[in-house]
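For reference, the structures are reproduced in the following blocks.
There are two complexes below, and they share chain A, which is joined by chain B in the first and by chain C in the second.
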Partner chain A sequence: MRIYEVFLKADGKEEFRHAGSIEAPTDELALVLARENYARRAEGTRMWVVDRKNICVSEEGFIDANLNKSHRHNDGERVAKWRKSQRNKKSDD
Partner chain B sequence: MIKSVLPSAIKEYLLAFADDEHLMGQQHTEWIGIAPFLEEDMAFASIGQDELGHASMLYALILEDSSEIDAFIFNRKPEEWRSCQLVESNHRNWEEALIRHWCYDMAEDLRWELFRESSLAELVLISERALKEEKYHRQHADALVENLLTVPASKSRLMKALEEIVPEVVELFSSIPGETEAISSGLVSGKYCDVFSTWRLRVENRFGTLDPKLFTTSHHQSRIKRHSDFAPLYGRIREVFLLDPKAVW
Partner chain C sequence: MKRSWASLEEFEKFLDHGGIVEPVDDMPREYRQAVFDFIEMHANSELMGGLTERDWIPKAPGLRHKMSVIAKTQDEIGHAHLLYMIAADLKIKTREEMMQDLFAGKSKFHNVFHYRAKTWGDQVAIAFLVDAAALVSQQAVFKNCSYGPYKRILRRIIAEEGFHLRFGEESVLRIAEGTEVQRSMFQESINDWWWPALQLFGPDSKPNDLLLRWYIKSERNEILRDRWIQKFVPLLQGYGFTIPDSGLRRNKEKDRWEIGPIDWEPLKQTMVMGGPDSARRISEASDSWKKTGWVREALEKVSA
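Presenting the complex of A and B:
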C-alpha cells in the first residue's frame, strides 16, 4: 500500500486544493478510491492524486521567517504613501 | 408507445430491476466499517448507495409517486418481491462480496443499455445517469480484482468465490417477468439473456476459461420464490422501520 495525497478543483477559476490523503496499492485504485472517499458529493470537477513519495519536502526551518530582515516584510504602506504624495504634488502643480 | 400509467407486465419487469438494485445496494452498504481497509469500506458503501439511488428512480417510475417508496419497500410480502438469488444470497466473506460486486456490475451496464432507446422517455434519462456511474463501479471492481489476482493466496480465494457465484448470475439474466411485453412495447430493445455471452466473455477475459457447466447452471426460481437468506436480509432492512412503523420520517 502507498499513501497518496488527494487534490480537488472546484468549477471555474478555483485552484486545486488539498482534500486529504488515501491509502491504495496502485495509481488506478488511488483514483477510484479517492473518487468515492472525497468526491462522491460533487466536491469538485477535477481531481489529482499524487503518490506522497513524489512530493519534494523541505527540511524543517527551511522556510522559517527571517525576522531580522525587516525590509523583506514590507507591506507596501510606505511606498503607497510616497506615491500618493507624489500624485497630490502633481495635481497641485 | 407507453403512456404514464404503466401496464402491470411492464411494472413487473421494472420491479425485477428495482428490487435487484435495492438489495444489491443494501448488501454493499452493510460493509461499512468492516471492509478490509478504511478507504475500501467507504468506497464499497458509496457504490452501494449509488445502487440504492438507481433503485429509487425505478421505484418512483413504477409507483408514479416517490412518496410511496418507503411504504412499498418496508411493507411488502416476500412473495411480492421480484429480486434474483444473486442479490438475496448471504455472501459474508470479503472475497465473495467482491466477486459478487464484480459480477453484478459487469452485468448491470448491459441491462441499462437495453433502455437507451426506450419508448419511455424517463427511462432513457435514468439509464444515461446510471450508465455514467456504472463505468466507475466496474473500474473499482476490476482494478481491485486485477490486483488481487496477482497474489496466489488471494487468487485461489477469488476463484473459489467465482465458482459459487457464476451460477447465481445465470438466473439474473433469465426469467424476468414481463420481458415479452417490455420488448413488444419498445420499453427495452431486446432480451437480457441475449447479452449473457458478452458478460461471459468479460468473465473469461479477466479470470480465464472456466468450467462451461458453471454458465448453464441456474438455480431457477423465476424470481417468485425467495432465497432462504432473504428473510434475515429483509429483517435487517426493516429493523429500524419496525421500531415505530407509524413514525413520519
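Presenting the complex of A and C:
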C-alpha cells in the first residue's frame, strides 16, 4: 500500500487545498478512495492525488532565512508620513 | 523536519504558545500515548456507530430515510477509516492490532454503543441526542487541538456530523407531528437514551487532567455536558416530550436548567464491556470485519 496526499480545488479562483491523505495500492484506486473519503458532498470540482514519496520536503529552517528580510516588506511608512505632512500643510493654509 | 523538545516542560511551553504537533515530531512519549488513546477510542466509536447505523438501512421507514441512513453509514465508516489511519501513524499499534483489540474487548468505545437500539424511535433519539453530544465534544476538541492531523480530520467530521444532526432534528419533528403511537414510542426512546447520551461526556474532569493540559481537549467534561443539557431540555420540551429526570428543575435566578444526581454505574459497566449490548455489538463488529476481509485481500494483491 502507498500513501497519497489528496488535494481538492473548490471552484473558480480558489487554489488547490490539501484535504488529507489516503492509503491505496494504485494511482487509480487512490483517486476512487480519495473521492469516497474526501469528496462525498461536493467539496470540490477538481482533485489531485500525489504519492507521498514524490513530494520533496524542505528541511526544518530552510525557509526561515527569509523571515528577517525587512527590505522585502516595504511598510510605506516614509511616504505615508510625507503625505500626512502635506495634508497638514494644506489645512494650515 | 523533525522537532524535538529537551523536556516535558519545554514541550508544554510550546503547546501553551499554540504549538501544533505533527506526526514526524519527536513528541514526548506520554503525549504520544495520550493522543493515540484518544483517537483510537474516537475511531472505535465511529466504527461501532457506523455499524449500528448500517443495521437500520433495511428497517428505516421509507426510501428517503433509507438513503439518509446509507449516507450516514458511509460517513461514520469514513470517519473511522481516517481516524484509524492517523492513529496508526503514531506507531503505537498497527491498524490490524487496533481491530484485534477492539474485537477482544481490550479497547474502549463510547458508552452509547453498548446499548441496543430496539426501535426506529431509538435510532432517532440516537441521531438527535447522541450525535449532538458527540458534536459538542468534537467541537471542543477541534477548537484548540494541539495534534495537527486530528485537528484537520475533525474539521471534516464536524461538518458531516452537522448533516447528521439536522437529519436527527428533522426526524424528531416528523415523529413529534405524528400519531399518538409514534409520540409515545419516541417518549420511551428518550427515557432510555437520555441518561446514556448525557453520560457520553464522562464524569467531571479532574483538576490535573492531562488531556486538558496538553490541549487534546479544550473544555472540561462538566462544561460540555451542561452546554448540551441547556440546549436539549428546552428542545425536547418544546416538541412536547418529557425528560426522564425527577430532579430536573429550572433555576430562575441563574436562568439555567439544573439536573438531578447522575448514576455513574451504567457508564462504568460500559467501560469494562459490561453494558447491556456490549458482547453482541463486539461480536457483530468482528463478524463484519471478517466478512469484508476479501476487500482488504484484493487491495493487498493489487499493491503486491
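Everything below uses one rule, namely that the second predicted complex is superposed on the first by the 65 of 93 C-alpha atoms of A that agree within 3 Å, B and C clash if a C-alpha of one lies under 4 Å from a C-alpha of the other, contacts with A are read in each partner's own complex, and residues count from 1 in each chain.
As a convention for this text, contacts are C-beta pairs under 8 Å (C-beta built on N, C-alpha and C of every residue); 3 or more make two chains touch, one makes a residue touch a chain.
Note that the structure is a prediction, hence the values are computed from the model and not measured.
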{"item": "Which superposed partner A:Arg2 touches (first chain B, second chain C, both, neither)", "value": "second"}
{"item": "Partner chain(s) touched by A:Leu29 [first = chain B, second = chain C, both, neither]", "value": "both"}
{"item": "Which partner reaches more residues of chain A (counting touched residues only), chain B or chain C", "value": "C"}
{"item": "Which superposed partner A:Val57 touches (first chain B, second chain C, both, neither)", "value": "second"}
{"item": "Touched partner set for A:Asn37, first chain B, second chain C, both or neither", "value": "both"}
{"item": "First (chain B), second (chain C), both or neither touched by A:Gly20", "value": "second"}
{"item": "Overlap of chain C and chain B interfaces on chain A (superposed complexes)", "value": "1, 22-26, 29, 36-37, 40"}
{"item": "Chain B residues within the chain A interface of the complex", "value": "37-40, 42-43, 46-47, 49, 136, 139-140, 143-144, 147"}
{"item": "Parts of chain C lying in touch with chain A, wherever the complex brings them together", "value": "1-3, 71, 74-75, 78, 81-82, 85, 152-153, 156, 159-160, 163, 299-300, 302-303"}
{"item": "In the complex, chain A residues that touch chain C", "value": "1-2, 19-26, 29, 36-38, 40-41, 57, 59-60"}
{"item": "Partner chain B, residues of chain A touching it in the complex", "value": "1, 22-26, 28-29, 32-33, 35-37, 40"}
